[in-house]
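Dropping the structures in below, format is structure tokens.
Both complexes shown next keep chain A, but they swap its partner, so chain B is in the first and chain C is in the second.
What follows is the complex of A and B.
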């Protein structure tokens, strides 16, 4: 497991704060998810209708992590700041691109990406930290480059995150995918990935 | 960083030709293709259990054809 230094932005002071990106979500990270993340999400969701709950409120990261354990093609990443878990991501490097200009070429596919409940403005305003999503996408691009995929990344977005991927990260929208509950599929080329890296 | 081990791979002309074609098509090195194949096969082997099948679906026509994996 490798730990890299990254920076998040304090949601209140806007100052950059040093944090750690781990290229493997360990049992310690999942224990933090159990201890803090789950109760915070449950507290926010209590009494709310399905449409009012965060779209990922039902994600069971322990189960997801278990399903990927031992598989060479799957990667689970974690971000920790101030001894608290700030985000989790699962990605695989056995998927193919769909954009016509890179169709069939391998890419990093982001299976799941989530920031901790206290980093979401709709749950806590101001959020504790900003930038978890960008750091994870940069990590996905770096992973893509390290395995020879030149920065190519693809993902299906939950509806609330579509604008983030399209406008903030520069992904290309490829439309609704009936094989993924109608979620919109997004993809980034090597050039788009390079532009995103330079902006961040 | 995981320690790496080296192996020699003996391929027939046809196998080498396919490997080179895939490397070109996927924009990978030949080693990259072999590693990708290993990751893919491991995932398929882990996911496909008795009673489960792998299909390829035509997005437009919606026809499905089963992909049989050894």
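What follows is the complex of A and C.
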């Protein structure tokens, strides 16, 4: 397991604070998910109808992690700051690109990406930390580079994040995918990934 | 894999997140990935019956899907998936929890769900008979009619 130093922005003071990205989510991270993340999500969802709950409110990261454990090609990543879990991501390196200019080439596919409830402006104002999503995308691109996929990444966006991937991160929108409950599929090419890594 | 970026990269880029709620991923729809085989067709028969049984059980109690999910300690989405998508393979854990709420042995329910090899004589035939007889032929209740008309109105507003 490798730990990388990263930075998040404190939502209250606006200062950058040091945090850690782990390229393997451990049982300790999942224990933090159980201890803090689940109760916070349950508290927010209490009394709300299905349509009012966050799209990932029912995700069971223990089950997701267990399913991926020991499988070659699957990666679970965690971000920790101030001893608290701030986000989780699962990605695989056994998927292929769909964009015409890179069709069939291997890429990193982001299976699941979520930030902790207290980092979401819709749940907590101000959010505790911002930047978790950016760091995970950077990590997915670096993972892609490290396995020789030149930064190619694909994902199905949750509805609230579509404009972020398209307008803020330079992903190409490929349209609604009926095999994934109509979610919009996005992909980033090696050149777009390079721009993401070097952008000012 | 190690990230080796200067603090300035984060300083420049975190603001781009704005107030977006960032997330990705959803499991593929099981019916879109399940291979078709004669065994699957048999499983579909029993899963349709399983789904109808779950739906009738809760309706008999006057419960909605959320209430059943809450009683069993599973996701409402799992209840709806069991009731409406016979292509979906239910989680064994969910079937055990539902069996507990129904006060039934989990074994036949696991068989119906296709999670264990069928060994109960005539279970499939009984399941098909149940599924065929239990399809509602009753007129819609007032609540159902209102929900139906509201949904039709929503569909009518949608453009191509």
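One rule holds for everything that comes next: the second predicted complex is superposed on the first by the 199 of 200 C-alpha atoms of A that agree within 3 Å, B and C clash if a C-alpha of one lies under 4 Å from a C-alpha of the other, contacts with A are read in each partner's own complex, and residues count from 1 in each chain.
In this text, a residue touches a chain if its C-beta (ideal position, glycine included) is under 8 Å from a C-beta of that chain, and two chains touch if they have at least 3 such contacts.
In this text the structure is predicted, and so the values were computed from the model without any measurement.
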First, second, both or neither for A:113, with chain B first and chain C second: second
Touching partner for A:157 - first (chain B), second (chain C), both, neither: second
First (chain B), second (chain C), both or neither touched by A:90: second
Partner chain(s) touched by A:29 [first = chain B, second = chain C, both, neither]: neither
Partner chain in contact with A:199 - chain B first, chain C second, else both or neither: second
Chain A residues touched - chain C or chain B, whichever exceeds: C
First (chain B), second (chain C), both or neither touched by A:73: first
Touching partner for A:128 - first (chain B), second (chain C), both, neither: neither
Contacts of A:180 with chain B and chain C, given as first, second, both or neither: second
Where chain A meets both chain C and chain B, residue numbers: 2, 179
Residues of chain C that touch chain A when the two form their complex: 1-5, 7, 10-26, 28-29, 32-33, 66, 75-77, 91
Of all residues in chain A, those that touch chain B in their complex: 2, 70-74, 92-94, 104-106, 147-148, 150, 179
Chain C-facing residues of chain A, complex: 2, 4-9, 16, 21, 23, 50, 54-56, 58, 63, 90, 110-115, 120-122, 130-135, 138-139, 142-143, 146, 155-158, 160-161, 163-164, 168-169, 178-181, 183, 199-200
Residue numbers on chain B that touch chain A, as the complex places them: 1, 25-29, 32, 35-36, 38-40, 42-43, 46, 57
